[in-house]
Amino acid sequence: MPSTWPQPMDGMTTPRFAGPVTFMRLPQVEDASTLDIALLGVPFDLGTTNRAGPRHGPREIRNMSSIIRRVHPVTRVEPCRLCRVADVGDTPTNPADLMISLAMIEERVAEIRAAGAWTLCLGGDHLISLPILRGIHRAQPGLGPLGMVHFDAHSDTNDSYFGGMRFTHGTPFRRAIEEGLLDPARIVQIGIRGSLFDPEDMDWAREQGVRIITIEEFEALGVDATMAEARRVVGEKPAYLTFDVDSLDPAFAPGTGTPEIGGLTPREAQRMLRALRGLNIVGADVVEVAPPFDHGGCTALIGANMMFEILCLMAEARVGG
Amino acid sequence: MPSTWPQPMDGMTTPRFAGPVTFMRLPQVEDASTLDIALLGVPFDLGTTNRAGPRHGPREIRNMSSIIRRVHPVTRVEPCRLCRVADVGDTPTNPADLMISLAMIEERVAEIRAAGAWTLCLGGDHLISLPILRGIHRAQPGLGPLGMVHFDAHSDTNDSYFGGMRFTHGTPFRRAIEEGLLDPARIVQIGIRGSLFDPEDMDWAREQGVRIITIEEFEALGVDATMAEARRVVGEKPAYLTFDVDSLDPAFAPGTGTPEIGGLTPREAQRMLRALRGLNIVGADVVEVAPPFDHGGCTALIGANMMFEILCLMAEARVGG
Amino acid sequence: MPSTWPQPMDGMTTPRFAGPVTFMRLPQVEDASTLDIALLGVPFDLGTTNRAGPRHGPREIRNMSSIIRRVHPVTRVEPCRLCRVADVGDTPTNPADLMISLAMIEERVAEIRAAGAWTLCLGGDHLISLPILRGIHRAQPGLGPLGMVHFDAHSDTNDSYFGGMRFTHGTPFRRAIEEGLLDPARIVQIGIRGSLFDPEDMDWAREQGVRIITIEEFEALGVDATMAEARRVVGEKPAYLTFDVDSLDPAFAPGTGTPEIGGLTPREAQRMLRALRGLNIVGADVVEVAPPFDHGGCTALIGANMMFEILCLMAEARVGG
Amino acid sequence: MPSTWPQPMDGMTTPRFAGPVTFMRLPQVEDASTLDIALLGVPFDLGTTNRAGPRHGPREIRNMSSIIRRVHPVTRVEPCRLCRVADVGDTPTNPADLMISLAMIEERVAEIRAAGAWTLCLGGDHLISLPILRGIHRAQPGLGPLGMVHFDAHSDTNDSYFGGMRFTHGTPFRRAIEEGLLDPARIVQIGIRGSLFDPEDMDWAREQGVRIITIEEFEALGVDATMAEARRVVGEKPAYLTFDVDSLDPAFAPGTGTPEIGGLTPREAQRMLRALRGLNIVGADVVEVAPPFDHGGCTALIGANMMFEILCLMAEARVGG
Amino acid sequence: MPSTWPQPMDGMTTPRFAGPVTFMRLPQVEDASTLDIALLGVPFDLGTTNRAGPRHGPREIRNMSSIIRRVHPVTRVEPCRLCRVADVGDTPTNPADLMISLAMIEERVAEIRAAGAWTLCLGGDHLISLPILRGIHRAQPGLGPLGMVHFDAHSDTNDSYFGGMRFTHGTPFRRAIEEGLLDPARIVQIGIRGSLFDPEDMDWAREQGVRIITIEEFEALGVDATMAEARRVVGEKPAYLTFDVDSLDPAFAPGTGTPEIGGLTPREAQRMLRALRGLNIVGADVVEVAPPFDHGGCTALIGANMMFEILCLMAEARVGG
Amino acid sequence: MPSTWPQPMDGMTTPRFAGPVTFMRLPQVEDASTLDIALLGVPFDLGTTNRAGPRHGPREIRNMSSIIRRVHPVTRVEPCRLCRVADVGDTPTNPADLMISLAMIEERVAEIRAAGAWTLCLGGDHLISLPILRGIHRAQPGLGPLGMVHFDAHSDTNDSYFGGMRFTHGTPFRRAIEEGLLDPARIVQIGIRGSLFDPEDMDWAREQGVRIITIEEFEALGVDATMAEARRVVGEKPAYLTFDVDSLDPAFAPGTGTPEIGGLTPREAQRMLRALRGLNIVGADVVEVAPPFDHGGCTALIGANMMFEILCLMAEARVGG
């Protein structure tokens, strides 16, 4: 590892309550061309249909991330030694205009990707996945529709809300499939649950070929079989990974806008993410951390840990690619 | 479904933070004779021996219930299309007099039942089950002693507290058995745990024939065997269902007055309630949600979800009967 | 008072934790033509530039309002005996589209006013004052520009934010003056304070003739002289009253999105509102209660009390007009 | 001071987070005959008509009281050097029976007083003042009706609630006057405010001769004139002092069941209590601290400080008598 | 059981919100020679490297412990009938000096042990285990190095922090092994997880022979096999038991300074502790309850329950020895 | 103003919830030689005798500071246009060693001052003032003993705690006077209050000539006379300004370790700080913000505002000097 590579601040030297509020207290850099993986905040929540607050997510995830140490406990991966990783701050957003914000997010992601870095984003509500995917494809037009591993309580493939609104945190993946950003046959959704607006809620997604593993199916399959299925669906081609913290039970992740009881435990989530090792994860996000509804940073802490799990996956994918 | 049947407000049309604070934003109606199932608040907590607060339960459960959509995710039951369901508001209570309150609750339940509607109640502390059962029997004298499925950390079959007090939230089912409201041989209690006042604490209940499945036995049996046993005990005759949120672990349901660590998870509880499909549940309650000790509405959210699970069971029982 | 007039539920008969979650537990009515004053929720916060959350304001203000009794302690006014007052529920809003929401709010206010009732609104962020004023004028085209008493930490007369956004909670009164809804020479703003974006921040407002009484001037003048000045500015013609809870110090009203330390105390605010007796207040709102940042309902309780103070003023104005 | 007198633990020797949870970390003693002033907890809240919780008040007031040091900052009084002062623990109560609890409280107070110690009680809701006064008179039958200084938002002289309930936290002083325990002509109530059930709410009290100083009159008079009036009313004969924390504004004392905005500040309350020096305060209580609604112990901290102010007054009265 | 043995206050007689704040409301005694097991608070957190607060742990654990009843629900053990058990209050500590505090803790533990009582300590941060072990060995020089069952997210066998600091809550067991207080070959650590400072973090411990069961190994083994292994490692000779609440997932135990997601559940922890029955546990502690980060006493409640589980183990060991 | 001067991020362009967590979102710079005023975090709380937590103060004050705009509302001072101001991050500290931490803080302050920048520090507990003063004098040996304006509930001039501990947050100014860092005759302490350990608590300070204005004297004098006296005491020579947030009432600043009721209001504090304009303030700090005990960032928000008030004073002093 060249000595110039950015490194997280060490909690054995500088106590965790000190130092900068960047992810893992990595340096903040502006120029993504010096990086392999860019950690990018997306403070946006205009897609939220119930309780707002994910606009504050990036800052609080970074705040809690100072507790994370540099080595993965199971895989022993050290992402910042495999790759050049840094925090590139937040995308611009416009809290008074949803559509302009989407354009701003897309623009910043495309710029970073064009400079050569992959993005791992801190949301923000789940609608951000759409402009992120747009930005990736704009910068890499030949990439082809991506597969996707999607942890969530909700499929987020509704068509519209509130009389025709096509852009909310309940619709991003319908749009992304329609726009050819994602290959529905290579999408797996895990943890889906909760009462339905309509018995046909997820029919469209299933018709496109999306593989939906409800929490009930997950319980029947167990972690290992679920993830084998996920790997089978996504395959070896490039894929996106999106982690909505409401995939977890609200006891673990209370700070979120559309909580559904009966969700995953962090132990299950960690095991599932680790089972994705070797997939070609070329971009990712962690979304729906809503600090105003959090208690003592618990949800932001989970967000930070999920970011680290995914960073390890992406670092291996990046150097393996 | 006749177009005049009451329907919940749709979260895809009216955002969940708007609209009336009734259960699932159903209409509030006064005349129970137009209903099959009446959702009834019982804001009472004079039976509480430790931390008070369930008096605020009905309002907060209703508040959080706006997040629930009309279709059950697993059974696809749509209770408000099977039956006429509405919120009938709160029973009168008297916060300065326990015995008068019990009479008021009984009176209102009897009145609703006599009008032809079954009640699903939002508590309130667990003592409310007693006047509810009395009211049911008063309105339907020929019903015969009911079976009961009882989720709880505590058996609530103590004889008395504090030098002879026979009416507290620790005694309702002893009274109900003594009064012939329940058939002890058809009662199953699930999730019982926590340190004991005395080694003989539950001997009386067991001697009456109550089947007590402690949390330890539940862990050994698993969900499926536990529920097979529950169904066997209760049988096909009419039964009551009572769900105390302290059956859940305090991490999931912190807002309660007598928390016992080591409880059920919501996933387990949901699976167990769903396994009761087909039982003849003719009345039910969800109790011991104590908002002053809750965090961000987590416990009230669980209360609302358990209400919905039970509503689906009762709707099927009602139309099946 | 005719016996058919709506009356709040009495806390000496029905305990405050029971009963419907309407303002003061008044009946909820749909048909505003039966009313003199309509209490209208406006669950909207897309105009928020910092911390979101006022979308949840109407529900929590109603929740805390059950503590209010029917008689004003100082003036002995009983608004619901002077007038026909009821809660008319919430306006429709669209949490995914700011401009559509403004139109929906305007429409509902106009409809109520055209039916003959004046509106006292529960916000929502401060941008709601704009569509409310538009609705009033649409229904009563001959009303003429209104005077306004405006309690706030901020003048809310900025031109635009975020590169040209003209509709945020920092701009409503600039728009309202531009559109001729308000007469700037009859506007008084009280409690203005906090650091400035620019030394010229409030020059435009002052140039229009708006009378700005900063917190510093208020402290120098005292309550009585301040309100004498406010009455002088507003005069006897019809006026609007808008109360932003961030006019209060954050210790009293922590649940708000743009808190500024050094604000009014509730005692000062109550005295100031009472000093407006006799003004011709023909419409009003209480805004910026953001429950996600509140503690134990303190801010919602203040919102409810401010609503009651204003209701008493409006009731007298209504019968006096 | 004899070396055997009980002394508070010193925060310069034993840190405030250590040591016993008694008031000021004084010794707990059972035998009141060794004391001049007994600090007595009364964990009772069955008189509460709105939000419950004062049952937890004594424990939390004691918890926060470890921050108090032994010398009064203004008067330099050292109560534990003037008198023998200790914590005598809690009265028995029965959370399932209001009337029995009143008898238990009266009994314990009478027992302590008969042993020669005056009581300063930690509530508990305001109804406890009634059995305390009964207990005092039972033990000292010749004492004669007491005067009273009463800090509160509410007069607590209602006749009954909920259809004839004569014992709630809104009625204790009506009962006490009726029973001859208090001399209404020597009662002063300070800080009264909040909306009224009825315009005649306080007529009965005024007719008995009670001097009610509303918050508005207090503001007009100022602290000094208010307290001169209070001293004039109460006179030199034995008097009781009762401090309801809802006399304070909810920003300072959020942890209470019936909060009324626009209350006293702690600075005002401290100045007012200090102005009572020299009165013959022969018993006292601090009530309505409801920890479930408190934030970070703020209200309990105020309760502890008010206890200390009153303890200094009583210690001087005791040795001066 | 002799009638003079200290007994916990009974929640069926005295409500749980009343009475002294000692563990299980047992009597507080000074003279340990009258006891078999002494419950000892250690309010110390100078070893904390991240979020402080365990100094408040003993008081809050005691506060929540009033909910515990005298009989173990599974084993039916009644520890206070097997042994003489009481609360002996807190050790002296010095919040301005780490090394002096360690000496004070050691001194008090040695004194109690020399008087014949075994200690079960309420922490405090995890560094307290070191002076406790020193105190035990000082009082019983012939005891020989102890085995240890250690529940934790962290191994706490680091060498030093912050440039050579050898005494923090991350180092106690390295020191204890170096000093011969513990026999590393008889130590088992359960629940270890979380990102690592360095891939070699736990090599030293493993080289000494410590048996580390990570959370991943635990999940693979299950409760029964894990505990069989634990019993094998520790053997029949005297052993210490230390329970760090961060072994639990932060959803269950949020009030702690170094939370690691993906931890044990209380049900697992209870089963594991119960599986230690028969081991020769001669001393124990429960540590890292940090009330400032807790919600509604959840973590303190778990601390109290873990104390009770361990008390039952120690009581059996004491009488069996 | 040269275009290269660091400027705060503008809330009208970048929303306040986005961007870096530095003070006012100013750039973070390492090289203090490019600055006139350096904003320096001091995350240290080993001097705390009661509730810990100020170690988290710098981060949370910076977090809340994004709400502050660039222009002072009364004086119209724009500090970042008068001077080169930036955030220089945190001093090193060692959470396991008080004395080493003091040396580290002193070293960093001296280094910055030697480079030509004045420091305005974000604490941290009050003991940090001592090493800051040492660092200033070490870098500027000819400066001479400084005057000081000291806002606090406590005099912090005790000699020692806990059996001889001379360095706690209760002793810094005794040490600073003894070491000749401060001129006691030019020190004024404002807001002092709260019960006393001993009647002689502040005698030493008064004997040195320190002018102590208790809260009672402040109330009698009013803001203007108090500040006239403060200016008289401090005079025109260089002075330090230290602002302990516990000078404010706990309702406004609950997040602090040693709260004393009856404190200043923010309005009073702001007026007092503004009255210091023209004094030669050459260094300053804001201390004792303890986020674990804060609610919704209220105390950190006050800390940020007090920082801004002082920054304006220092900027004028710097350019005026």
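Lettered A, B, C, D, E and F in written order, each chain numbered from 1.
Everything that follows uses one rule, which is that a contact is a pair of C-beta atoms (placed from the backbone, for glycine too) under 8 Å apart; a residue touches a chain by one contact, two chains touch by 3 or more.
It should be emphasised that the depicted structure is a prediction, and the values quoted were computed from it without experimental measurement.
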| item | value |
| --- | --- |
| Intersection of the contact lists for chain C and chain E | A, B, D, F |
| Reaching chain E from chain D through chains that touch each other, fewest steps | 1 |
| Chain E and chain F, separation of their C-alpha mean positions in angstrom | 40 |
| Centre-of-Cα separation between chain D and chain A, whole angstrom | 56 |
| Residue numbers of chain C (touch at least two other chains) | 15, 17, 49, 51, 55-56, 94-95, 161-163, 249, 251, 293, 295 |
| Every chain pair meeting the contact rule | A-B, A-C, A-E, A-F, B-C, B-D, B-E, C-D, C-F, D-E, D-F, E-F |
| Residue ranges of chain D in contact with chain C within the complex | 49-51, 158, 161-163, 193-199, 201, 214-216, 219, 249-251, 254-255, 258-259, 261-263, 293-295 |
| Residue ranges of chain F touching chain E (in the complex, touch as defined) | 45-49, 51-53, 55-56, 94-98, 161-163, 165, 167-168, 292-293 |
| Partner chain E, residues of chain D touching it in the complex | 14-15, 17-21, 28, 41, 43, 55-56, 58-59, 62-63, 89-90, 92-95 |
| Residues of chain D touching chain F in the complex | 10-13, 15-17, 67-74, 76, 78, 249, 251-252, 265-267, 270-271, 295-296, 298, 301-302, 305, 308 |
